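In the two complexes that follow, subunit A is the common piece, with subunit B as its partner first and subunit C second.
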Partner chain A sequence: MAEDVKPTRKNLMAIEDRIELSERGHDTLEQKRDGLIMEFMDILDQAQDVRANLNQDYERAQNKINMARAMEGDVAVRGAAAALKEYPEITTQSKNIMGVVVPQIESSRVKKSLDQRGYGLLGSSARIDEAADAYEELLESIILAAEVETAMKKMLEEIETTKRRVNALEFKLLPELYENQEYIEQKLEEQEREEIFRLKKIKAKKEEEEKEERAAEKAAAEAEAATAD
Partner chain B sequence: MSQEIAVIGSPDFTTGFRLAGVRKFENVPDEAKDDELDEAVTRTLEDEDVGIIVMHEDDLDHLSRNARQSVERSIEPTLVTLGGSGGASGLRDQIKRAIGIDLMDE
Partner chain C sequence: MSTTGGSNPEYVIARVRARRSALFGDEEYRKLVRMGPAEIARFMEESEYETEVNALGSRFSGVDLIEYALNQNLAKQFNDILDWADGRLYDLIARYLRKFDAWNVKTIIRGIYSGASREEVESDLIRAGEFDDRLFSRLLDAGEMEEVVSILSGTMFGDGLAAAYEEYEEVGVLVPLENAVDRAFYEQLLEGLVVGEEAKQYREFLEAEIDFRNARNALRIARSGADLDPVDYFIEGGTLFRASELASLATSPDELVSKIRDSRYGDRLSTALSDLEEADSLIGFERALDAALLEYADTLGYVFPLSVTPIVSYILAKEREVDNIRAIARGREAGLDPDAIEEELVIL
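Entry: the complex of A and B
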């Protein structure tokens, strides 16, 4: 706090430098925060579209598989599901948005043709194929959603830390620095006033002494004159 | 680095994804969800080959607080929930906290 600093001119200069730096940092961080929020808004719009699609696809896929289950029986559907050999893979690359690294997910082998599926053409029916198709589409939506939502999570984290930094500077560090600056300035002013007062005192004292000296000299001179007479 | 998609949920929920070729799945029957879902989620989170976890929104309620938080906040692997009231639940709270306004309000 304010009393921790020594009221010296050197400290005052150091504090002034720190204030300047902190204010510049504060402005920059504030700009970064606003920029991040703008970028976030863009992603949010995108995310809401993706979400809506995802829910639609999920409902469709559920309908299809329920149909397949009802017509073919649970065992057939599970059997077909267990026979699959090709599995979808995803690879992540990263993209940089204002210093936030967000993933870009690419998928391979999500969509498969009938013969790639591996459960055979004769043993299964069109309904299972349709269900598999619907779920493949759903997976594609999920991958898109994952990409967008991860980006959102990361951006939000960055926004939160930036906001915290801005607030720490604005409400904690800068007020403390200003307080210290004022404390030192006042102390220095007070010292200056004391110094002036001290000088005045000394001057007054000196004048007094000189006066006395002169009076003594005068008296001595008069006494000498008297004895000479 | 190539990763895979994992599905956690009741056998009914996972079957469809297996039909689409998802290899990694954790089957947790409905009646055992309160006891076993936590473990299944932790196991999947620790699996480095998993890039995306798919779960049903309602299943999140069966998770313990800790497991729920870690799976919702996890970035790698990232969680995608399906069904339920729509919208990623953890995300909405996070938006409210970070920006101060409920942007997902419709």
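Entry: the complex of A and C
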């Protein structure tokens, strides 16, 4: 509220500094927002591909496991799964995209060779191999999707925050500062005008008094001269 | 029910033929593929599987009920055959049915490895082999892998498991133990088999079983690209491959396929081999191998009606029936198309 600000020259200077800083910040944030949107669009394309692959891999894995359970029996599939020893491991690191920290997920021991799956080769079948293969691929897709979609969500949150900041600067802070600046300028001008008017008034009054004094003196002098004659 | 005394193929074959006539035919399969799991269970309740479905109905439901009922019925039927058989015939049948002993040993060691409960492991056993309840009870009570290996020391799996146990302790995965169990089964198939006229065809059938197993394993290794020596997975006894040539064949799937094509199995497997050359998947080829083995055993059963082959042919047909019903039930549960399920079935 402009009325809350004391209309002083010091405040005016402070507000002018804030306006300059806010305008600079606004430009920078606008650039950041545009940059983030461009990065986001790239990630969005990637995420759409990853999601499509994930759905495809899921369908395939479900189909393979259903066929394996159907043809080999649930007991055989569960038995083969129970033989697994080395479970996949996931490590997360982070990378920075325009100030946004997004995860980078590294996986190991997801894809396994025939001898690493734990079940014996001699008594098992290609159906179980193919179901295991399909699930390993699905797991890789899930890990990739987790990385890309988390990055996408974080970017989206950052874009939203930046957009709010830009809007706050553009529609709230800067207009208020401009209003305050204008208010103080007007007040200062008004004060200046009042001061000038006051000075003029004093000057006129002083001149009037001096004139009266001079007239009185003159009258006194004339009276004195008449008395002397 | 013993290896001593005279053989009684006539009696066993007569009983097996009666059982064979009760197996599901095309008509039943056509009905089953259009039923849901509950309807299939109901259908089974009115067939040979009635006792098992009723007995297990309170413990299991849905497709699990069907699968466990099928396994229990399979075990009962095969135990009956072993009960009926005497002398040399018993020995010949038991050789093949020991595959269920191998299955059960693998189930038990997987149970111990994964920390499954005794009840879970017990329900997954198929008691169709030679192991008796006392041995199963001891195995199920074993809490450590070493104990299982020691309990099995007097069986055909003993030596192989004892040797594989050291490797298991080193690598920590079940692969050496499971391979030792399967290898013990395949190697005893032909071990000490005296080949008289009546067993000549049976020997050929067992050789085909070993050849097909070697072929599918070599192809799996070749296709997987894993750094495995196929010789380690080679089973002696077949006629199709020699261990020495398998290493080079496994690096070239095309050569492997042409080797099978030129063999005595070439004609039976010609379509499947052509499909295999075009497709990535081995599944169709494995199905063709199963179908070829089933057909082979069936033909032998007709050509030599008073040998062990009609019995083996029934065993394979019964196994296939169990596989087919389970496939239909699981396929229907998963929402697979009836035509797709029908394609996967192996029906003689």
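The rule is simple: the second predicted complex is superposed on the first by the 227 of 229 C-alpha atoms of A that agree within 3 Å, B and C clash if a C-alpha of one lies under 4 Å from a C-alpha of the other, contacts with A are read in each partner's own complex, and residues count from 1 in each chain.
The rule is short, and it goes like this: contacts are C-beta pairs under 8 Å (C-beta built on N, C-alpha and C of every residue); 3 or more make two chains touch, one makes a residue touch a chain.
These numbers come from a predicted model, not from an experiment.
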Partners on subunit A (subunit B, subunit C) - clash or fit: fit
Which superposed partner A:105 touches (first subunit B, second subunit C, both, neither): first
Dominant contact partner of subunit A by residue count, subunit C or subunit B: B
First (subunit B), second (subunit C), both or neither touched by A:73: second
First, second, both or neither for A:82, with subunit B first and subunit C second: both
Cα-centre angle that subunit B and subunit C span when viewed from subunit A, reported as a multiple of 10 degrees: 20
First, second, both or neither for A:127, with subunit B first and subunit C second: second
Partner chain(s) touched by A:13 [first = subunit B, second = subunit C, both, neither]: neither
Partner chain in contact with A:115 - subunit B first, subunit C second, else both or neither: second
Closest approach of subunit C to subunit B (Cα atoms, Å): 9
Common ground on subunit A, meaning residues reached by subunit C in one complex and by subunit B in the other: 62, 78, 82, 86
Complex interface listing, subunit C residues touching subunit A: 63-64, 67, 71, 102-103, 106-107, 110-111, 113-114, 116, 124, 172-175, 177-179, 181-183, 185-186, 213, 216-217, 219-221, 224-228, 233, 235, 281-283, 285-286, 323, 326-331, 334, 336, 341, 344
Complex contacts: residues of subunit B adjacent to subunit A: 1-5, 15-23, 51-52, 54, 73, 75, 78, 80, 82-83, 86-88, 91, 94-95, 97-99, 103-104
Subunit C contact footprint on subunit A (complex, rising order): 62, 66-67, 69-71, 73-75, 78-79, 82-83, 85-86, 113-116, 118-123, 125-127, 129-130
Touching residues on subunit A, where the partner in the complex is subunit B: 37, 40-41, 44, 48, 51, 54-55, 58, 61-62, 65, 77-78, 80-82, 84, 86-92, 105, 108-110, 112, 117, 128, 131-132, 134-136, 138-139, 142-143, 145-146, 149-150, 152-154, 156-157, 159-160, 163
